[in-house]
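Listed next: structures, encoded as C-alpha cells.
What follows is subunit A paired twice: with subunit B in the first complex and subunit C in the second.
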Partner chain A sequence: MDITLNKSGQLAIVLVGGRMDTLSAPEFEKKMQEWIGQGETRFVVDFHNLDYISSAGLRSLMVVAKDARARGGELVCCALKGVVKQVFDVSGFSALLPVYGSMDDATKGG
Partner chain B sequence: MRAPRVARFPAFGFKSPSASESLSRLRMKIAAVHSLAFKITLLALVGTGTVLCSVIAYSYFVSKQLVTRDAGRTAKIHARSIASNLDQEIRAVVEVTECFASALEEVRIDRQALMALIRRQVELQEGIFGCAVAFEPYTFDPNVKDFAPYYFRGGKGLEFVQLGADSYNYPERDWYREPVDRRTPIWTKPYFDKGGGNVIMTTYSQPFFHLRPEGGRGSVRGVVTADVSVGWLTRRLASVKVLQTGFCFLVSGDGTFVAHPDQQFIMNESLFTLADKLARPILGSIGEAMLKQQTGFIDAGESLSREPSFLAFARLPTNGWSLGVVYPKQELFADIVGLHRTNLLMGIAGLLLLLGVSLLLARAVANPLRRMVKATSQVAHGDLNVDLSSIRSRDEVGLLAEAFTGMTRDLKKYIHDLTETTAAKERIESELAVAARIQRSMLPSELPAFGDGRNLDLFAVMYPAKEVGGDFYDFGRVDEERLYFAVGDVSGKGVPAALFMATSLSLLRTAALEGLPPDQLLTRLNRELSRENEACMFVTIFCGVLNMKTGDLIYARGGHEPAFILTEDRGLVELNEAAAPLLGLAPDLVYPGAHIEFRPGDILFAYTDGVTEATNAGGEIFSSGKLREKLTHARKGTARDLIEHVGNEVTAFAQEATQADDITMLSLVFKPGNSYPAPTGSAEGRQDYA
Partner chain C sequence: MSEILNLTVETNSARLAESINRANAWFEAHDLSERIVYLANLVLEEVLTNINKYAFDDDEIHDVEVRLRHEQGQLLIEFKDDGKEFNPLLSPPPDPNRSLDRSEAGGLGIHLVRKLADTVEYQREQGKNVLRVRISLGDA
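Here is the complex of A and B:
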C-alpha cells in the first residue's frame, strides 16, 4: 500500500492507497507511530485512493487514533468510497471515528 | 482439519545415482590427477630433452666439421713431412750416385779401387740397398765383355756379386738399357732383382760418359746404380705411426703400390687395377689426384681400408712417387665422439635428475589435489568431517584447501543452524496445530434437542484461512423454548486473534445461556471487551435468539453484516435493523435489538465477511450483491444444502486464488412438524476450499 504525508498547517494529511489488510496494516501503523513520535497529533486520513480495508486495517486505525487522542490530538477519516465505505458502515466504525465526506469537510471540521 | 504443515528437511547430500558409479567417477578423477603429474613430468622432460639433444647434435656436427678441417690441414702437413723425409733419403741416394758417376768420368781407377768405392757407397748410405757400376762391353777391360761389380746388403752383411756373369746379362736389363739409350739418369719401376739383390727394389741408374778432349761428353761408358729396397721403404713407412691403426703407403709414378702394409699389393696392384678389381671407382680418382697433385686431402670412404678413412698424400719430388697416409675416421674423431658421449651421458643423468625432481614436484601438486578429490566425495556423501590440515603448502593448492575447509566449516554451521531453525519451526507449527484444534473444539458441534415437537435444522461451518483464525460461530439451548446462535469475526489473524476470539466466545456463550436477549448480550460483551483493550482488538458479531414456540426472532449486530432470511412469500429478507459498531473499542455503547417473525419454512443464513470478500485471481471480490443473488435463487432444502450451495459458489468464484480470510456460515431452518430432526452442527470439513 502507499502511505504519504502532507503537512497543511497544524494538520497532517495522510494519503493512503491500495489495500490496507493484514499484510500492510502493520506498515501503516508503524509509519503513523513514527509521525506521532515526531509530534504530529492532528491527522486527516484521506481514503479516496484506498481500494480495500480489512479488520486488521480498522484495528490499526483505531490504535493510531487512540495514540493521537492520548497526546491531545485526533484522527479523522475522509473521502471513503466503495468497499471501504461499506466496511465502515457495516462495522459501525463511523460511530467510533469522525468520518467526513470530503477533504474540505474534514479540514473545516478539524 | 488441516494436516500439520511440517517442513521436511531433506537429508543432506548430493547422492549420485549409485555408489559404485560415484566411486568409478572418483577413480577417473584420481586417474586424471595421475595424468596431471605425468603430464608435468613428460612436458618438462620432453622440453629439456629436445633442447639438450639439439645442443649436443649441433655441437657434434660443428666440432666434427672443425676437426675434419683441422685434420685435413694437419694430415697434409704430416704427409708432406713424411714424404719430405723419405725424399731426402732418396735424394741422398741420387746425389751420392751422381757424385760417384761424375768421379768415374774424371778418374780412371783400377778394379780394386772401384770395388772399394762401391763397397763404401753401400756401407755409408743407409738408404742404399745395393750399388753397382756396370760398364759397356769391353770398356773397363778390353778383354772382358761384361763387367759390373755389385755390392748389396745380403742376409749375412755385405755381399758381392759380379753381375757380368752370363746368367744375369745386365746389358738387357731395364735399369741398364734405358739410361744408356736415353743418356739420362732414370728411376726404374720396382722390380724383383733375380740373380742380383734378390729383393724387390727400385734402382736409380746414372749413366757416365767418355769425356771428349775438346770438352763435353762422348759415348756412354757405363751406368752407376743405387738400389733402394722396397722392403726397406716399407719398414721405414711402417715405423711412422699414424694414429692407432692408420698407415702409410707409397705408389710409384704409374700408381703401382711400392710400399704398403699389405705385402701382396706391392708390385702386383696399382690404384687403378684395384679400382677395377674392387669396383671402387673412387680409387681411380684417388690415383689420378695422387699422380697429378703435389699434395691433397680426400675422404676415401672405405676404399683404402676396412674402416671409413681420410687420405692425405704428398709427392716425392725426387722420383715422382706419391706417399699416402690413411687416417681412420673413427680414430680421428675419437676425441669428439668421446667428448660428446660424455656430454650425452651427463645430459641423460641430468634428465634423470630432472625426472626425479619433476616427479616430486608433480606429486607435491597432485597429492593435495587427490586428497581434496577424496574430501569432496566425502562431503558429497554427507560426511563433513573432512580433515585437510595435512595440506600445509602456501601456494594456490594450499589456498584451495583452506577455502575448502572453510566451506565445509560453514556448511556444518549452516546445517546445524538450519536443523535448529527447522526444529523450532516444527515445534511452533505443531503447537499452532494444537492451538487450532483447541480453538475449533470450542465451536459447538451438536445441537441439543428441544422437546416440544418442533422441527429444527441447523448447520454451520468455519473454514480458517490460516491455522488459527478469528472467526467463530456458536449456538445453544437457552431454555425449553429458546435457541441462541451467533457468528463473529475477530480483527486480525493468528494467535492474538485466536485468544481474543476465545475470550469473546466464552463471554458471549456464558451471557447467552444465562438468558440475556441479544441487545443486552452485545452491550455487556462490548463493555467487557473494551476494558483494558490496549491492542484495540475488536470483534463483529451477529447474534440472535429464536423462540421456537412463538417464532419470534430477536437479533442484534455489532459491526457485522446483516443475516438473511429466505422466505416463501416475502422473498429474501435482510436483517439490517439494529445497526451498531463493532465490539471492544467503546465501552459505553448500548446495543439495540430488533424483532422479526421467523415462520416455519423460513431459512436463516448468517455469515462473516470471508464470504463476501472472497477474492479471485483477478482481484474481484465475491460481494454481497452476488451473495444476495445466489441466496435468492437457492433451492430450498436443508440448512446443509444451502451452506454447501453457497460454499460451492464461492469456491467456483475464487478458483485457485488463496483464501485470504476465514469463512464462516450458519444456516437455520425452522419447519413445523411433529418429529424431532437430528440437529446437526459442524466445525469440520474444509471441503474443497483452497
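Here is the complex of A and C:
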C-alpha cells in the first residue's frame, strides 16, 4: 500500500492508496506510530485512492485513533468510496470515527 | 477457463497472499465486476485468517481446501479445514453501542462477511469444518 504524509498547519494529512489488508496493515500502523512519536496527533486520513480495506485495516485504524486520542489529538477519515465505505458502515466504524465526505469537509470539521 | 478453481492454502500468511493472487487471476478471467472481486477478496482474507486463528491449537502448518465456483448468477466460495469444530456463525456480532475507548480490536472479520455476502452456511462434515459463502452476481 502507499502511505504519504503532508502537513497542513497543525493537521497531518495522510493519503493512503492500494490495499489495507492483513499483510499491509502493520506497515500503516508502524508509519502512523512513527509520526505520532514525532509529535503528530491531529490526523486526516484521505481514503480516495484506497481500493480495499479488510478487518485487519480497520483494526490498525482503531489502534492508531486510540493512540492519537490518548495524546489529546484525533483521527478523522474522509473521501471513502464504494465497498470501502460500505465496510466502514456495516462494521460500525462510521459511528466510531469521524467520517467526512471530502477533504474540504474534514479539514473544516477536524 | 474452468468454472471451478480449487486451491489448497497453507495456514500461514505468506501463502495467503499467493492464493489470493491466484484467485484474482481467476476472477479476472471470469470478468467479474470490481465490487464482486472486492467482496470475494474480503471473504477469502477474513475466513482464512479466522481459520488460522481458531481452528488449530498447534503450531503446525495445515492445509485448507478452498473451492471457487462460478455458477447460475452467483459465486460460491467453499472452505474445508480439519481443525477443531468451530462454527463462526455463532460468534456474537460487535456491540453497536461501543465507543472508541471501549471497543475491542478483534471480532470484526466474520461480521463483515455475514453482512456483505448473500448467504453464509456452516456444516461439520466428516470431521471437517465446511463454510459455504455465496455472493450474488445480480447487481454486478
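As a working rule, the second predicted complex is superposed on the first by the 110 of 110 C-alpha atoms of A that agree within 3 Å, B and C clash if a C-alpha of one lies under 4 Å from a C-alpha of the other, contacts with A are read in each partner's own complex, and residues count from 1 in each chain.
The rule is simple: contacts are C-beta pairs under 8 Å (C-beta built on N, C-alpha and C of every residue); 3 or more make two chains touch, one makes a residue touch a chain.
Predicted, not measured: the structure shown is a model, and the values here were computed from it.
**Student:** Regarding the shared-chain residue A:V90, is it in contact with subunit B (first), subunit C (second), both, or neither?
**Tutor:** Touch partners of A:V90: subunit B and subunit C.
**Student:** According to the stated criteria, A:L58 is in contact with first (subunit B), second (subunit C), both, or neither; which is it?
**Tutor:** Touch status of A:L58: both partners.
**Student:** Identify the partner contact of A:G39: answer first if only subunit B is touched, second if only subunit C is, both if each is, neither if none is.
**Tutor:** Touch status of A:G39: no partner.
**Student:** Once the structures are superposed on A, label A:G72 by its partner contacts, choosing first (subunit B), second (subunit C), both or neither.
**Tutor:** A:G72: touches no partner chain.
**Student:** What is the contact status of A:D21 with respect to subunit B (first) and subunit C (second): first, second, both, or neither?
**Tutor:** In the superposition, A:D21 touches subunit B and subunit C alike.
**Student:** Do subunit B and subunit C touch any of the same residues on subunit A, and if so, which?
**Tutor:** In subunit A, positions 21-22, 52, 54-56, 58-59, 62-63, 66, 83, 86-87, 90-92, 95-96 sit in both the subunit B and subunit C interfaces.
**Student:** Which bits of subunit A are touching subunit B when the two form their complex?
**Tutor:** 21-22, 52, 54-56, 58-59, 62-63, 66, 83, 86-87, 90-96
**Student:** Spell out the residues on subunit C that touch subunit A in their complex, using ranges where they run on.
**Tutor:** For subunit C paired with subunit A, touching residues are 13, 16-17, 34-35, 38-39, 41-42, 45-46, 49, 94, 96, 98-101, 103, 105-106, 108-109, 111-112, 115-116.
**Student:** What residues of subunit A sit close enough to touch subunit C in their complex?
**Tutor:** 21-23, 51-52, 54-56, 58-59, 62-63, 65-66, 69, 82-83, 86-87, 90-92, 95-97
**Student:** Applying the document's contact rule, which stretches of subunit B touch subunit A when the two form their complex?
**Tutor:** 470, 489-493, 535-538, 540, 558-561, 579-582, 585-586, 589, 609, 613, 621, 624, 660-661
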